[in-house]
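Following this line, the structures themselves.
In the two assemblies presented below, chain A is common to both, partnered first by chain B and then by chain C.
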Partner chain A sequence: MNQTRRTFLATGAAATAALGMPAILRAQPSEYVIGASLPLTGPFATAGQLVAPVFTMARQLINDEGGIAGTPIRFVTEDSGYIPQNALANYQRALATEGDALVAYFGDSTGFMKLVAPELTGDQARLMGSTSFASELANPATNPYQYLAGPTYQDQFDILLQNIKDQGGSSVAFIFSNTEFGRDPIEHGKMRAEELGIEVVLEETTKAQGADIPTHVTKLAQSGAEYAILQGYVTGVWPQLIGGARQFGLPTQFMGTFWGMEKLIADRVTEEAGPFLDGYQGVMPYRYFYDREDAPRYQTFAAMASEMFAGTPLENYMSTWALQTMCALDIAIKALRDTAEAGQELTADNLSAALSGISDWDTGGFFGGPVTMENNKIGTGRVYQYSAESRLFTPTSDWFTV
Partner chain B sequence: MGEFIQFTLNGLMAGAIYALIAVGIVSVFKATKVVNFAHGYIIMFGAYFYFTFSVIVPGAEWAPSWLQSWEPAWMVAMRADLPMFSPMGAVLDWLSNLPRILFGLAGAVICNALLGLAIERALMRPLIGQSTFAMIMITVGLISVLSGTKGLIWTADAEFVPHIAPNTPIRFTVFDTPVFLFGADLVNVAIALILFGAIVVMVRYTRGGVAIRATAEDQSTAYSMGISVPRVFSRAWVLAATTGAIAGAILATRNGVSPSLGLFGFSVLAIVLMGGLDSYVGVFIAALAVGFLEAMAQWQFGGEFAEVVPYIAVLIVILIRPHGLFGQKEVERI
Partner chain C sequence: MITGNLKASYAADERVLDNGYKQGFVLAAAALCALMPFIANDYIILVASQMGIMLIAVVGVNVVIGYTGLLSLGHAAFMAIGAYSVPILHRAMAAAGLPDAIMPFIAIPGAIALSALVGIVVGLPSLRVKGLYLAVATLSANFIIIFLIELEALAPWTGGLVGLNTPDANLLGWELDTQREMFALIAALAFVTILAVQNLFRTRVGRAFIAIRERDYSAEILGISLLRYKLMSFAISAACCGLAGALFAYFYARILPEQFELALSLQLVAALIVGGMGRTMGPVFGVIIIVMVPEILKFTFGAIAGGAAEVAQLRAPIQEIIFGLLIIFFLLFEPMGINHLVDRGLRALNRWPFARG
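== the complex of A and B ==
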C-alpha cells in the first residue's frame, strides 16, 4: 500500500486518537468538584442553613492544604427542600454538568441516600457521604460508595443501652417518630436491651411534628420507665415531651441520639420554656465545638470561623450538624488524597477501596482518638449530659466503640 | 379500668379542640356553602401569630421587659423557696407570662381576623353569584399560598409558646391506676366549649346569626329581605378565622408551633363530614367521637393506628349516612 500524504495524516490522527483517548476521557481537571444537596428550605431548613457556610470554610481550608494532590477543589451546593427526588435531580445535574470533575457528593437525607443507591453504578457512581446515620447504609456489600461520618443509629442505641446498663438501669421506653428515621434502630434496640437484661416497657410512636404530647406523656408515666430514648426528631417533639414529663414530675431520665443533641436547640428551649432539659443525656459521635483543647482541627476551624463569619452566630460556635458535615467532607478528602497519592484515578471504585482502608486515622479531634472505617462507618461515640445552668453538654462516659 | 378512664379523658380533651377547629369550617359552610379546605392553614397562621406576639415581639430588644416576663418582688420571693416544677411554680410561671399570653392572644385574634377578612374580600366576594365549586377550588389553592407565605415569614422550626393557663399537673388514682392530666388542657377544653357554645347561641338567637341561617337557606331571598349577603360572608370568614386563632394558639401550646398544624384541618374536615357539614351539634359529637377513638387506638395499638382507626369510623358513618350524623339532606327540586 502506498503511503500518501493523505493516508499518512489519517493514520497518524487515528493513532493519536487511540493513544490519547483514555487521557482525554480521564484528563485531570483543573479543579475537582464535590457536589452537595442541602435542605435550605423545608422542614429542616434551620439545619441546612447552619450547615451551608461550612462549605465556604471547607473549600478555603482544603485548598490551603494543597487540595487533592495539588489540584484545588470546588463545591457545588444546591437546595433540596429535604425532598429526596429534588436531591436526586441535583445529583444528576451535577453529574451532567461537571462530568469526571465531580469526584464526591454530599446528600441531605436517608431518603436520598436510599433513592440514589441503585443509580451508583459505572460512570454514574461517586463517593457519597451524607447527614444520615441510617443503619442500612453501613453495608459495603450493598452500598459500596456510601459512608457514614459516625456510628449508625443502631450503634447509638447500643451506646445508650450500654450506658443505661452501666448506670444500673433496668427499664427503658423507646419513643420514636413514625418515620424511617424514627423506626431505624427500634428492632435492633429491643434485641440489644434483651441481651443486656433491660426491659423495654414502652414502644411509643409519635408524629414527627405536632405530636399529641399529653397522650404520649401519660403513656410514658404509666409505663414507669426509668429511662426513655427519643429517636427520629430534630427540633420538635422531643423538647415538648421532656417538658410535659417534667411538669408531671416524672423521674424518667431522657436520652437522645445525634439529631436530638444540638446545643442551639437545647439553649433555645431553655430560654423559651425553662430549665427542664437539665440532665438530658444523649449520644454524640463528636466532641462539641467548645471542647477544643485536644482537637487541633477544631482550633483551625475556630480561627477561620472568627474571621470568615465575624458578626454572625457562627463566629464562636459550630453546630453539631455543621461538625458532622465537616467530618464527612474530611473523610471524603482523606479517601481522595490517599487515592491520588497512590497514583490511582479518582474513580468511585478506587475511592471506595481507599475508604475501606482508613484505619487508625487521627481526625484532629472530631472523635476521642484515632478511628477506623469499618463497614463504611465509624462506630464511635460517647454520652453527654446537658446542664441548663452552664448551657453546655458535658461528657458523662468514656468513648465507646461498637 | 383506670387506664380506660385516662385515655377517655385524653380523647375527650382532644375532641373538644377538634370541635373548636370544626366550628370554623361549619360557620363558613353555613353562610356561604363553601367547604373551606384551607381552614387548617388559617389555624396554622393563628398559631404563628400567637407565637409572634407571645414570643418574638416580647423577646425583641425594644420591647418592655415586663412584656417578656412580669416579675414583681413578691413573685421573686415566692419563687425562691419553691422546688423546680412544683404546682405553685407552674402558677407563678403562668402569672409571669400572663402579659405576653394576653398580648399573643390579642395579636393572633386581630391578625387572623384581618386575614379572614382579606381572604373573603379579595378571593371570595368577587365570586359571589358564581359556582360554589369555584369558591371551593379557591380554598384549595389557598392552601399552597398560605403554606408558602408561612415559609417566607417564619422558620420551619418547632417552637415553644407559653401555655394559656397554668400547666399544673393533676394526678389522682382510679381503680388503683394513676390518672394524669395537665391543668392547661382542662382550661383549653373549657375555652373550646365556651367558644363553641357561644357561637351556637349566636347563630341561633342573634340577628347576625339569623342572617347567616337565612343566607344559607337561600341567598337571593335573603338579599330581597334586606340582608347584606356580602356582610354575612365577611362575618362568617372573620368568625372562622378568629376561632381558628384561638384553636391555633391552643394547639401550639399542646404540641408546639410547627408547619404540621396546617394538616389538622384535613383531619377535622373528615370530622365535619362525619357530623354533617351544617350541623354544630353533629360536628361536636363527631369531634368527641374521633378524639375518643384516636385515644383508644393510641392506647391499644400505638401511634400509627391512631392516625387511621378514627377515619375508618368516619368513612363507615359517611357510607351509611352520606350527609353525616346530623347533616341536612339536600332536596333538589326541578
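== the complex of A and C ==
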C-alpha cells in the first residue's frame, strides 16, 4: 500500500487515539469502584448476609447525591468466608480488574486489615475501612490508609469505665473471649480503671462460644464485682453467663461493647431464654436505627429501606452492623468527595490526607454531634441499656468523646 | 499398534518423565513459572504464590499419607512451626548482630529442622496407632501447637493471639520485598521440593515407606525398622510443611495463629485426595483444584453476574456448592485422583489413534 499524506495522517490520528485513550480513561474513569470483602459464607455469614443489602442502598443513595464530584460509583463485593487470605486475594483481584478506578475498599475483619496493611504501598494502596474496631489499626503512622468508623475497643472500655465511675461504681470484672478481639482492650482497661480508682476484681477468659460457663459464673460470684464488662463476643455467652448469673442471684451489672449490642440478637435471646437481659448495658458508637428523630441521614435510609427492602426484616430496622458499614462508607465518600472537589487525584495519599482533615463533620445523625477524625478513628459513643419489655436499647448516658 | 514405551536401558526405565508429553508438560510449567514474574499481574502472582506454598506443604503430606500410608490431620501445625520460626529466628539473629542478607539462609533451614523435629514427636503415636486413631492423635497435635502459640506466656515470642509481623527475605542483598520477587523463590523451591521427594522414592528409604504403606508387619519382617522409617516419614513430611510455613511467613506481611488451624490441615489432605495420593503430580493437580478453582469460579461468576452486593449474596453460597459438587464429582468418577485422569489422557495421546487410555 502506498503511503499518502492522507493515510499517514489517518494512521497517526488512530495511533494517538489508541495510545492516548487509556491515559484519558485513567485520569477520569466513567465510574469509580469501591471494593468490599464480606463473610457471605462461613462462621459470620449471618452478619455478612445482613450487611450486604447496605451496599445496594449505598450505591443508589450516593449516586443520587451526585456520586463523587459527578462521577457515579459502583461496588464490587466478594465473599471472604471470614478467611483473611481470601479477603486479601479479593482485594488484589479487585486491584487487577478495576485498576485505578478502584478508589477505596471495605474489609471484613481485623485479621484481614492487619494482613493487608503492609501491602498498602505505592500503587497497591487504597483507602480502607472495615468492620474492625481494633485499637492497633488506629495509628496513622503505621496504617495511614486504614480507618475506623467509630471508637476503638480501648475507647469503648474508656467510655464504659467512665460511666461506671459516674454511677459511683468501685469494682469491675473483665470477662473476655480468648481471641484477639477479646483481649484487645484488656491491658488498657486495667490501666484506665486504676486511673479512675475502680478496682478490677476479676479477669476471666472464656471461649468465644460459651463453654464451661458455670465455672465462670462461680468465679464472678466470688469476686463480688459490681460491674462485669464482656468483650469479644458476638452472640455467644449471654444466655449462659448473664442468665446463669441471674439464676445465681448475682446483682452484677453486665456491660458490653459494640459487637455485643445488637438488638436483633438481644430480642432473639429474650424470646427464647427469658427476660434476663433486662438492664444489660453497653457502649454504642451510633444511634440505634429507631432513634432517628434528630438523624436526617437515618430518615433517608428508612425511606429507602421501606421501598427497597419491602417485605423483608430490613424494611423497618437496620442492624448496628449495617449502620457501622454505612458509616464507614459515608466516611470514605466524604474523603473522596473532599479530595475530588479540591481538584486532586483520588490517590490513597490524597485520600488519607482528606481523611485526617475531617473535622467537626455533621454525619447526619450517626453520632451525637459533629465528629472529628483523630488518629484515623472517631472516638465517640454512649451507653445504652436494654429493656426486655420494650425490646429497645435506650441511652443512659450522654455522648462521651475520648 | 503402540502398546507401551520401549525402555532399552536402566536409565530409560528410571527416568522421571518417561514420555514426551510428560516432559512437555513439566517443561511448559517450568517455562510458565519462569515467565510469570514478568508478565502476570499482581493478582495472578498472589494466587500462584498461594498455590506454590500450598504445593510444597501437600507434597509433604503426600510423603506421610500417600507414600507411607499414615493418616495425618495435623500438618497445619508443622506449617505453623515453620512460619513462626522465621520471625523468631530473625529476631534472635538480629540480636546476635547477624546481617540481614544471610538471615534467610539460616532461618529457612532452621524452620525446616524445627518442623522436622516436631514432626518426629508428633509421629510417635504412629508406632502404636493407625488409621483414624492416628488421625485423631495428629489432630490433637495441631490443637496443642496452636494452643501453645496462642498462650499468653509465650506471647513475647509468638505474638499470642495478635500474631506477628514477618520480615522480608533478603538473599545476599536481594530483598524480596514484593510478592513478585517472593513468587520466584516460591516457584523455585516448589520445583526443588517436588524433584527431591520424587527422587526420594527411587531410594531405599522411599521404597521402605511404600513397603510400610502396603503392609507394615510384612515390611518389618523384611528388615525395615518401623520406628526409624515411620518417624523419618513424619520428619520429611513435616520438613516440607516447615518450608511451606517459612515461605508463608516471608510471603505474607503478618502471620496469625488462626491461619494454621484445622481448616488448613483439612485443606491439605483434601488437595492430596483430589489430586491423587502417592503420586508425584497428585499434589500439583490437587492444589490447582483447591486453590485455583474457587478463584476461577469467583472470577467467572463475577464477570457474568457482576460484583454488586445483592448478586454476591446469592452467588457466594452457589460458588461454594459448585466447588463442593466438583470435588464430589472428581472423587466419584476418578477416586484415584486427577493425576490418574491426566495420566490416562496423556497415555491415550501417546498411543493415539490405537488406544484410548
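Things to note:
We take it that the second predicted complex is superposed on the first by the 373 of 402 C-alpha atoms of A that agree within 3 Å, B and C clash if a C-alpha of one lies under 4 Å from a C-alpha of the other, contacts with A are read in each partner's own complex, and residues count from 1 in each chain.
Here is the rule we use: a residue touches a chain if its C-beta (ideal position, glycine included) is under 8 Å from a C-beta of that chain, and two chains touch if they have at least 3 such contacts.
None of the values given here were measured: they were computed from a predicted structure.
When the two structures are aligned on the shared chain, A:Phe276 is found in touch with chain B, with no touch to chain C.
In the superposition on chain A, contact of A:Gly364 is made with neither chain B nor chain C. In the superposition on chain A, contact of A:Glu119 is made with chain C only, not with chain B. When both complexes are overlaid on chain A, the residue A:Asp212 reaches chain B alone and has no touch with chain C.
In the superposition on chain A, contact is made by A:Thr41 with both chain B and chain C. Contacts of A:Phe248 after superposition: chain B is touched, whereas chain C is not reached. Of the two partner chains placed by the overlay, only chain B lies in contact with A:Val237; chain C stays clear of it. In the superposition on chain A, A:Pro395 makes contact with neither chain B nor chain C. In the superposition on chain A, A:Asn178 makes contact with both chain B and chain C.
In the superposition on chain A, chain A positions 41, 178 are in contact with chain B in one complex as well as with chain C in the other. Against chain C, the residues of chain A that register as touching in their complex are 35-36, 38, 40-41, 49, 52-56, 59, 74-79, 83-85, 88-90, 92-93, 95-97, 111, 114-115, 117-119, 124, 136, 178-180, 183. Those residues of chain B lying in contact with chain A across their complex are 3, 6-7, 10, 13-14, 55, 84-85, 90, 93, 151, 155-160, 167, 169, 171, 177-178, 180-182, 185, 251, 254-256, 258-261, 263-264, 294-295, 298-299, 302-304, 307. Across the complex, chain B is touched by residues 41-46, 178, 203-219, 221-222, 235-237, 239-240, 243-244, 246-249, 269, 272-276 of chain A. On the chain C side of its complex with chain A, the touching residues are 41-44, 46-47, 50, 150, 160-163, 165, 179, 252-254, 256, 258-259, 263, 295, 298-299, 302, 307-310, 312-313, 316-317, 319-320.
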